[in-house]
Each structure stands twice: as structure tokens, then as C-alpha cells.
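When the chains are written out, they are named A, B, C and D in that same order, and each has its own residue count from 1.
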Amino acid sequence: MITKVLVANRGEIACRILRACREAGIQTVAVCAPNDQGTLFTEMADELVVLDGDTIATTYLDQEQIIQAALSTGSDAIHPGFGFLSERAPFARSVKQSGIIWIGPSPEAIEQMGDKMTARQTMRNAGVPVIPGEEVESEDEHEALAALVEASERVGYPLLLKASSGGGGKGMRAVYDPSDFLQSAEGARREAVAAFGDGRIYIERLLNGSKHIEIQILADRHGRTVHLGERECSVQRRHQKVFEEAPGPTMTAELREAMGQAAIQAAQAVSYEGAGTVEFLLAPSGEFFFLEMNTRIQVEHPVTELVTGTDIVREQLRIASGQPMSCGDLNIRGHAIEVRLYAEDAANNFLPSIGPLAVFRPPEGPGIRLDAGVREGDEVTPNYDPMLAKLIVWAPSREEALQRMRRALDDFVILGTTTNVRFLRELCDAQPIVDGTTTTTTIDEHWPNGWTPTPAPLLEDASLLAAAAGETMGMHRTTTASLDGESQGLPSPFSTLNRRYP
Amino acid sequence: MITKVLVANRGEIACRILRACREAGIQTVAVCAPNDQGTLFTEMADELVVLDGDTIATTYLDQEQIIQAALSTGSDAIHPGFGFLSERAPFARSVKQSGIIWIGPSPEAIEQMGDKMTARQTMRNAGVPVIPGEEVESEDEHEALAALVEASERVGYPLLLKASSGGGGKGMRAVYDPSDFLQSAEGARREAVAAFGDGRIYIERLLNGSKHIEIQILADRHGRTVHLGERECSVQRRHQKVFEEAPGPTMTAELREAMGQAAIQAAQAVSYEGAGTVEFLLAPSGEFFFLEMNTRIQVEHPVTELVTGTDIVREQLRIASGQPMSCGDLNIRGHAIEVRLYAEDAANNFLPSIGPLAVFRPPEGPGIRLDAGVREGDEVTPNYDPMLAKLIVWAPSREEALQRMRRALDDFVILGTTTNVRFLRELCDAQPIVDGTTTTTTIDEHWPNGWTPTPAPLLEDASLLAAAAGETMGMHRTTTASLDGESQGLPSPFSTLNRRYP
Amino acid sequence: MMQHQFSSSDGPIEVTLTRTDSGYSLAGHTLESTGDGRLKIRLSNGRIAYAHVAKAGDVWWVHLAGQTYRWERIEPGSSSSQNEGGLVAPMPGKVLDVLVKTGQEVQAGTPLMVLEAMKMEHRIVAAKDGVVTAIHFEAGDQVTQGAVLLELDE
Amino acid sequence: MMQHQFSSSDGPIEVTLTRTDSGYSLAGHTLESTGDGRLKIRLSNGRIAYAHVAKAGDVWWVHLAGQTYRWERIEPGSSSSQNEGGLVAPMPGKVLDVLVKTGQEVQAGTPLMVLEAMKMEHRIVAAKDGVVTAIHFEAGDQVTQGAVLLELDE
């Protein structure tokens, strides 16, 4: 049995896991980098270990330090969340060797799936369809590029370059014309080396007009491997998912069963344990192809939880404890949509933004879930990923879920930092979203010249009135009482901002 | 089709309905008493009509004024919520006669079910079991009491006195000993006259050790009448529900089907349309008896929504528009619990309390829903019902739902007004709640001398430290900037309180 | 009359608020404070909307009916706005002294008025040569931020 | 040293806070401000908890680890606490003047000290006859609310 979990992550996923542990009666330990002290997740754990270091590499990626933190706090399990060390097989191995339960699949399964080439081979052997493509491996940049050019001719255009050990869009390039190939390949390789310390590049045929469909898997040690249906995550900007839903709007029961069985085969081929996701491309023809398997919990897991009535984090805890999973037969009900709230300027090519969350008021009401890692008063810094929160809605039908998402986004108030909330709101009105005909290129096609907000002159005028009145009324200034005679800030949305007067 | 709904209610249920309409793309009109101006629900509607009057009778119960508000705003439908005018057949009739859609059952159905005696007769004719009992009707108090004494001998002890046109525990008395009968009967009659202008009293056999089980019904004009399973609402203090759950922890599929069919018969017997609830007592023997039918949406509807995946308010709107309901076959999944958050002093016989909601921070996280009618900064006044909000959780199992509810209640911060939040939290640890063996007398049996909080000396000391430090640091004082030279309060949880210094 | 300048991509926007009984108005929209940090706006089309506002640095952030606007304020004391004619109060405060008279010729740098605010004295200084054409306040008056103190013609 | 009195069903509770580097301590618990209106408390058992506090009227409301406490404060200036020996500052402020000396005999009503706070002067007055046994501050000192200003023996 697990009695104390160390969560080796930060932000919203750390909050999600810490809450689940607390509800399960499991003690918790959070670890944080010094610059994360005082953020939301650090307050949710029973104990906090502040890691020693000032970069991600020396804190959240410092395997040794995190294992030491687990040992010194008497933690009997580590949950890695997603990103960071979640798919590092050597870390999983070290955790187990230290006598600590690893909440995730075996290091061998991570290795087999973590490497795109090995994963493809494993899948082909298991009878799961894969996209035409090949991998190029070479230490020497010049050799690697030459080999990539050769391979590109065999794979054919349009094609996609991907870092073999990549993820999150890093080291990824779409190439439509052979004349662009060399420059793109150089860029992809550079990013891959920088981000993952691994220059291997995988080339695959780009299946335009396809949907990104992924199947959630759960497998326990009692012989049960099940799928929890699909998520459609086609809507991406710069290869980053932004709008995810379940079930897939064009999915049929037959296709779900076929893809679900393929995903179960994929999991069983590597003796998978715990929660994982098998990603597929679904071509307009109805054929589907294995993309990769994510051997961890995924950002968009809430949509699956809401439509299947499961708690994937609780299942992870059960499975890692050696218990059978608790979920019953697949039972998909209603429709769930998740949007990712980023601190970014959607009108300016999605450039990340920073600033204070001077006001942060999420929407309220039935069927709304917010998985946030921040709260009002926090500062958005350039240190970490710009994802602030995930807003998820559930409703009996897709149409009602979209209506609810529109209402929720209209009600979401975030001031002090530029976010993509208005972009997400207008996305909900885009025809392919309304129709459910989204593909991985929907955003680029819908806004070929980039997104800019639809003007609303009446509201713009009224907002000037509000700004000018706020200034006139001095709504940004407050002077406060003293702590032992010293001037000291009091809680107010405004007092944490700045004071313009000397 | 409905295009504009007037919500003839206030507080959390008004918020619930207004949000549903907004998501459905329906315009909304709120009505409010002058002393409700500026409260949450009044801001959620597209239009607001401030009623003229300073009592409930001259505002929320003023049928003429509300119909006029609907006509003058061009509303084509009225949603009455619960309480107030929701079960007044003459109002429903006037609404329809004014050419406005009444979102509820026909006036005839309200009449047949609104009178407990008629309802019992109707149910008996429809083959639905009813509890032994009889009604006493007399204008003259002396005659009425004599008749009640006679009837009490036929019904037998213990027995329950109820106002025939009552609800909400008013005019209700349990009598265990014949020597207490006369005093109780006088009290019940007095309350019934005062609250409902109707002194008719109904006596029925008190079935101790029984569970209060109610079945949610939906019926449309397209020939479909369905039940959405049961809610167990046994846990009551002074005949007020406080803890409600679905499904019933001891329910079986067979019993659910039997009770569901009885409820459908009850609804069909009065040609019911819309959402309604048929209440039963479930005796330890497994026999169940009709109690009454509530011909409106109910406070505890969210637990049914969460386990069945329906949106009852949206279904009400559909049905009243003449559309078929959208919900499919009954599909109960997971477990939902609702607790009612009252402004009351649970340690002092549940006396209502008033004060500012200086801090009001609901819990966050997956599976938590809050249906609130208030927000931070509001003042709890003695003008209306002391229910502030309903906290509802869902989880895959009852055990996980209870765990989640405990966590949610621990995290719920309300300062400035005494609430029952700690009582609810300790209720979650009471053995009958943990075991699911609650009956209508659980609270009285579990806390025979009334509830007092379990002491926590360590936290008590630490809270004194916090209070003293707060005082020392002056956390309650803030001076603020000026509006045109006048001193003016700025938004701060503390500035709305008082300033002790001249 | 309260003037504020905000920058936009089309150049500076001058906003002149009109005081109403309970708040301010602009372009047919009227506004009042709700007392809880929001602003209640009656839009020119009759609809009511509630604005959340916050200032971070020089930027006013406004959330209104699902839209979020950023308005960077141009300081009234800065050269760009001081040349517009009216000299506006850089903060709310009290007029301590008026140092010039209507009709008086002043040179750039001439002190015109002394304002007390935030427990400090601030001198309002002419940014250019000109003639004082109007003085709207006298010593002892309270002024709002953005209030036009006096007017200067070239 | 900061003293406060709160009422409880068992009679008044006297709370004497100890100042620490970053906050206050009491009975093995230590506390510091988080800067967002909450108080971070390290309980004597080593656990960390975050308290929300608010004052309504004379009552401090404290939410801590799922418990809500109400503590009604007894005003330091009220007769019940002024007889306890120490005279405590009724609010944070600055000592303007000390009107007595150690050893001096005073009568009920004798002004002892002048405090400036909230832009007003407040005279600290002896509530009973006695002898000044200690004076803890001199003119110009800043004092916290609850700080013991001077001590009086009967």
C-alpha cells in the first residue's frame, strides 16, 4: 500500500495529484525549485522540500535530489506527473532501485515507447498500423542531413520531421516542398539536440486533413488492460494542443472499438502498467495510424474522466499499489471539452507573455471544471511553461458543451497578463469546431494570416470609460496599515501591483 | 419556442436557472425585491425588474406584479424555481391566461398534488402505496383539535402532524406520547395558519427507522414519462434536509425499478408535465409509501444530474417549449452527495445567523460543484431563507465521494457569519453516514443532546495566535484613495467591515 | 471634467469623462462603482455590463462582456500630453497654492500651481511658453486625478 | 511583546505574542504573513497550515485546517483590561509625549502618554490610582497595537 507520495512536478498537474492523494488519505510531499516557493501546489502538500538549484535541470530534472527528497521524507511512492522526469526510464529505474514505488509503467515500457523508432517497430510487430516513415541516426550533422535528404525521397511529400525522443512540438517541422527541406531539417535537428540532447530525427509522411485521435489506456497487475475511449485533439497551434474533446465528434462505435483494441494491443506489447495514451492519426479515408504512446498521465486526461466517470489519478494510485483498477465497463456519456489557457499573445503569433495575475476569476456553474496551477496575485514568470490552467466543461451533448464553454470563457476574468482566453472563445465559433470537422491544420486554415480579435467597438469605448474612471477614482491605489510601524501591503487585488508615485 | 425567460425567484436557484438560459441562448429577466438589489442573481440576467414592495408577500409572492413584469419585458415564459410561487396553481393559471409559457406542470396537476389529502387519494387510486393517516379540516380551532385527538387514536403512535398545504418543516410535529398530543397539535395548527393561511392538519403514522427516498421524474408532451432514479434525503435536522445523495446507498436495482414505476404512475395519474419529484418513505421492511409529490424543480436536483448525466433545468426548458426531452435511457454512474450550507449556528440548536460574508472561498478541484446564491462581500440578512449555497461532489464511488466532500468542506472558508460548515464536515464522519444506514432520525440519535464541535486544542491555540497577530498587524484596517476628494472604500475583504477607531 | 490619455496603435486617445450623479459617462455609456471593485456600466444600447479593472504598471486592464482590453495610460505630466492645452492633475490631492493669474504670460518651466498629494507637495510647471487663459481651482480645493487645473494658450 | 485579550466562555483569554524574525509566536506555534492576506502558521507539531482571518465588528474570524474560530476581542482601553497592570497601546502609532516618570504617583485620570495614530492624538490615561513602575517607550517611538506602553502598580 502507498501511504506517502512525493509529487515530482509543479503547477496544475501537481495540484491535481496532490488533491487526489489527500482525498485518498495518502500523505503528500511536494518538491519545488526555489523560484516556485509560495505557489499554489507548494501549499497543498503535507510536506515541502525546496530543491537546491536555479535551473530546471538542477531542480525538477535532478533525479538524484528528488530521490533523496523521497527517501528523507519517508515517501513510499513517486508520482512524476507529465513532462519533466515522467518519461525518463533511468529515473523510473532509480526510483524502483531505491525501494520506492514508481507510479507509472516499467522502465522497459518507457524505453520501448519513448523511442519513436522502437515504438514503431514494436507496434508493427503487434499488428498496429503505422505511418510510412523512417528514422535517421547519426552523430555527425553533415552525415545526418545527407541521410535525411535520402530518406525524404523515399517517404515522399508532404512530410513531417520529428525529434525521435521529442514531444510538445519541439524539433518538429512540416515540409511541403523539397526546396525547403534542408533548412527545416537543420532546424529540427538543432532543436532536438538542444531540447533532448538527442539529434535523432524521424521523418514520416504528413497526412493532411487528418484528425489527431488518442486512446486512453489503463492496465493493472491483475490481468486487466482496458481503454477509456478516445479524445480528439486535432486543434493545435504550432504543434501544441489547445482544444481537446471526448468523445470524438465523428467517432463511430465500430471505429472506437477498432482503435481501442489497437491501443490495448500496443499496451500489452510492452506489458504496460498504469495509465497511458496511444496516439493515432485518423486519415480522411477512415484508416488510422499509430503515432506514439505517451507513457504517463496526459494534460487532457480530464475530458476522458468526465465522459467515462473515472478518476484516472486515483486509478494510477490503485494500480501502483498493486490493487485492481476500480473502473467498470466503458460507459461514455455526454460530451467534454478542454481548452488550455496559456499566458500568450494569440494576436501576436502566440508569443508567451508574463505579468501579474492581478485579477484571476474563473467562471462558475454546473459542468465546469478548472484544473489550475495559479491563483489571483501570482506572477507569471518566464521560468516555466506558459500554461496557466485547463478549463474543462461537460454537458449532455456536444452542442450544450460548446454553449457552456462559450459562456465559461466569456465569464473568465484575467487581468494583468495577456492570455489566449479570447482566442479560445472565438475558436468556439469557428465553423470546423461547430461542425466537429477539425483536423490538425484547422487553425492555420481558419486564420491563414494569424488570429486577431474580432472588433467590438461598443465595448472598446466602454472599456475606455472604465479605464479612465478607474484612474479618476484611484482604484489602483491603496495605502495600508502598519506592521510594527513599517508600511506593509494588505491584501487587495491592487496593492500587489505597483505604485506610480514616489 | 421560448426566447425570453423571466425567473420568478432569487438566490442560488435563480442563478442556476439564469445560467442555464444563458447557455441555451435564451434571454433572461430577473425580478428582485428592493432589498435584493446588487445580489448575485440580479447581475446575471439580461434585464432586471425591481419589484415594488417591502415584504415577501408584496414582492416575490406578488403574482400580479410578476406577470406584469413578464409582459412589460416581453418575456414569453416564466420559471418559478422552487418555493415562492412555484406550487401556486392560481399563479400558474394566471401566467398561462396571460399568454406566457409556464415552465412547470399544469395548474390542475399542481392542485391535485399540492393538497396532501387529494394527493393521497389520487395515489391510492393509481395503486401507489400510501402511509396510514387522515386529514382533519375545521375552521374552528376547538373543533379541529377535538377531531385531531379522535383521528390520532385511529392512526396510532408514534405519529406525525403536518400542515396539509405545508412544506419545509413548517407546521410539522412528531408526537411519540399521547400526553404530548394536544400541545403539539395546537402548535402545528398555529404554524400552518401563519405560514400557509390554511389550518388543515394531516396526521400520519410516523415510520421510525425509515429512509426518505425520492424519485425524480421528467415528462414531456411527446408521450414520454421517465424517472431519473432516486435520491436519499433521510438526513434532516428539524425536518429540513441537510445531506442528500444519489444513488441511495442501500438501493437495489429491483427496488429502484419498483419505486420508479410507482413514481411514473403517480405522475401519469395527474397528466404531469415537466420535472417533478415523488417522495417516499422506505420502511426497514423494504415497503415504501407515498409521501407527497413536489411539482417543481427541487433543491437537491444536482445529485441526480451528476449521477445520471442530465441537465434538469435544460430539460424543463425543452419540455415547456413543446420539444421532446433529450435524455436517454437511465444510466446511473458513480455517486453524488449534496450538503446544504446554511447561515446558522449548528452548535446552538441550528439558530439562523446573520452577518457579512467577509471571506467566502469555496473549495476547488475535480468533481466539486457549488450552486451558490452569494459571494464574498455579501451580507447575510434575516430577510430570506438562511441557505447560502449547496456544495455537491461527484466521484466514481460513494467512499470516494465522501472523501471528496470531507476535503471540500475542510477547504471551504467562510468568515464573518456563522455557518453549519463544520457540522456538515463532522456529519461526514458519523457512522450512519459512513455506513449508509441513515434514517430520518439519524441526527437526533447521533447527537441526542445537540451538536457541538469536536475540540481541537492545538488548532484553537493557533487560531488565537492568528487573531492576535491579525490585530497586531492591523489586518482589518485599510485606508483608501479618494473619489473626488471624498474618502471612499476600496475593494478589500476588510474595508467593508467596520473601523473601530473614531 | 476629467481628461485622460491612453495610447493605441492609431496614436493617443484622449478621453474626457463627464461626471454624472453617481459616476461618469463617455460616448453614451454611463458608469458607476459597485463598491466591490467592479464597475457597473450601462452601455449606450441599454444593456448592463460589469467591468473588472486592474492597473499593472501604466496599463489599465479591463474585462467587459468577455472582452479584455489593455489601455496604456499616458502620464498627464509627460511632455506629449502637457502640450494639449489643459494642464491636468497628475493625482488626486489638494491645491495648496495658485502661483499665476488669468492672462499672465508664462515661460516653459514657470511654476503654476502647488498640489499636495500622497503627503508630498508637487509643483505644476508650464511645459512651454504661453498665456494662462483659465484657472479652474483655488487654494484649498480638492482635485481629482485628471481634473483640468488650468489652461494655457500658446 | 504584544498583549491582546479575547473573551471566551471560560472568561477572558490573555494572549501575549512573541515577536520572531519574520512574524509572531505563541504556545510553540509560529506565524508569518504570506502577503496575500493569509497567515502561514507552523504548528507546534511541525505541520504547516494557512489561516484566513477577517475582523467583523470586534470579532476576529479565523479559518484554520477546516476549523472556524470566532474570537471577540476585549478592547485594551476598556476597564476590564486596563486594570491588569500594563497599559497597552489601543492602536499602532507614534509616541508624541511621555507625561510621567518612573516612580511617579498618579491618580485615576492622570494623562500618562500622548499617542498619535490615525492622524489624531490620543491621551493614555491612568484608570486608577497607582505608581508608574516602568515606561517602555519614549517620544518619537513607533508602537504596535497591543504593545505594553507603561506599567502601573497599585
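The rule we apply is simple: a contact is a pair of C-beta atoms (placed from the backbone, for glycine too) under 8 Å apart; a residue touches a chain by one contact, two chains touch by 3 or more.
The structure presented is a predicted model; accordingly, all values stated were derived computationally and were not measured.
Shared contact partners of subunit B and subunit D, listed by label, are A.
The chain with its Cα centroid farthest from the Cα centroid of subunit C is B.
A separation of 51 Å divides the Cα centre of subunit A from that of subunit D. For the pair subunit A and subunit B, the distance between C-alpha centroids works out to 40 Å.
Remark: subunit C and subunit D have CA centroids separated by 43 Å (rounded to whole angstrom). Along subunit D, residues 33, 37, 92, 144 each make contact with two or more other chains. Chain contacts: subunit A has residues 472-475, 481-484, 488, 490-491, 493-494 touching two or more partner chains. Within the complex formed with subunit B, the residues of subunit A that make contact are 15-16, 19, 22-25, 302, 305, 309-311, 314, 326-327, 331, 333-334, 364-367, 369-372, 395-397, 400, 403-404, 406-407, 472-475, 477-484, 488, 490-494.
Those residues of subunit D lying in contact with subunit A across their complex are 19, 33-38, 47-48, 50, 92, 94, 142-144. Residues of subunit A touching subunit C in their complex: 355-356, 358-359, 361, 409-411, 413-416, 418-419, 421-422, 425, 453, 456, 458-476, 493-494, 497-498, 500-502.
Per the touch definition, subunit A reaches subunit D in the complex via residues 38, 43, 46, 48, 377, 481-485, 488-491, 496.
Taken in their complex, subunit C has these residues touching subunit A: 2, 4, 6, 13, 15, 17, 23-27, 29, 31, 33, 37, 39, 41, 43-45, 49, 51-58, 60-71, 73, 91-92, 117-118, 120, 144-146.
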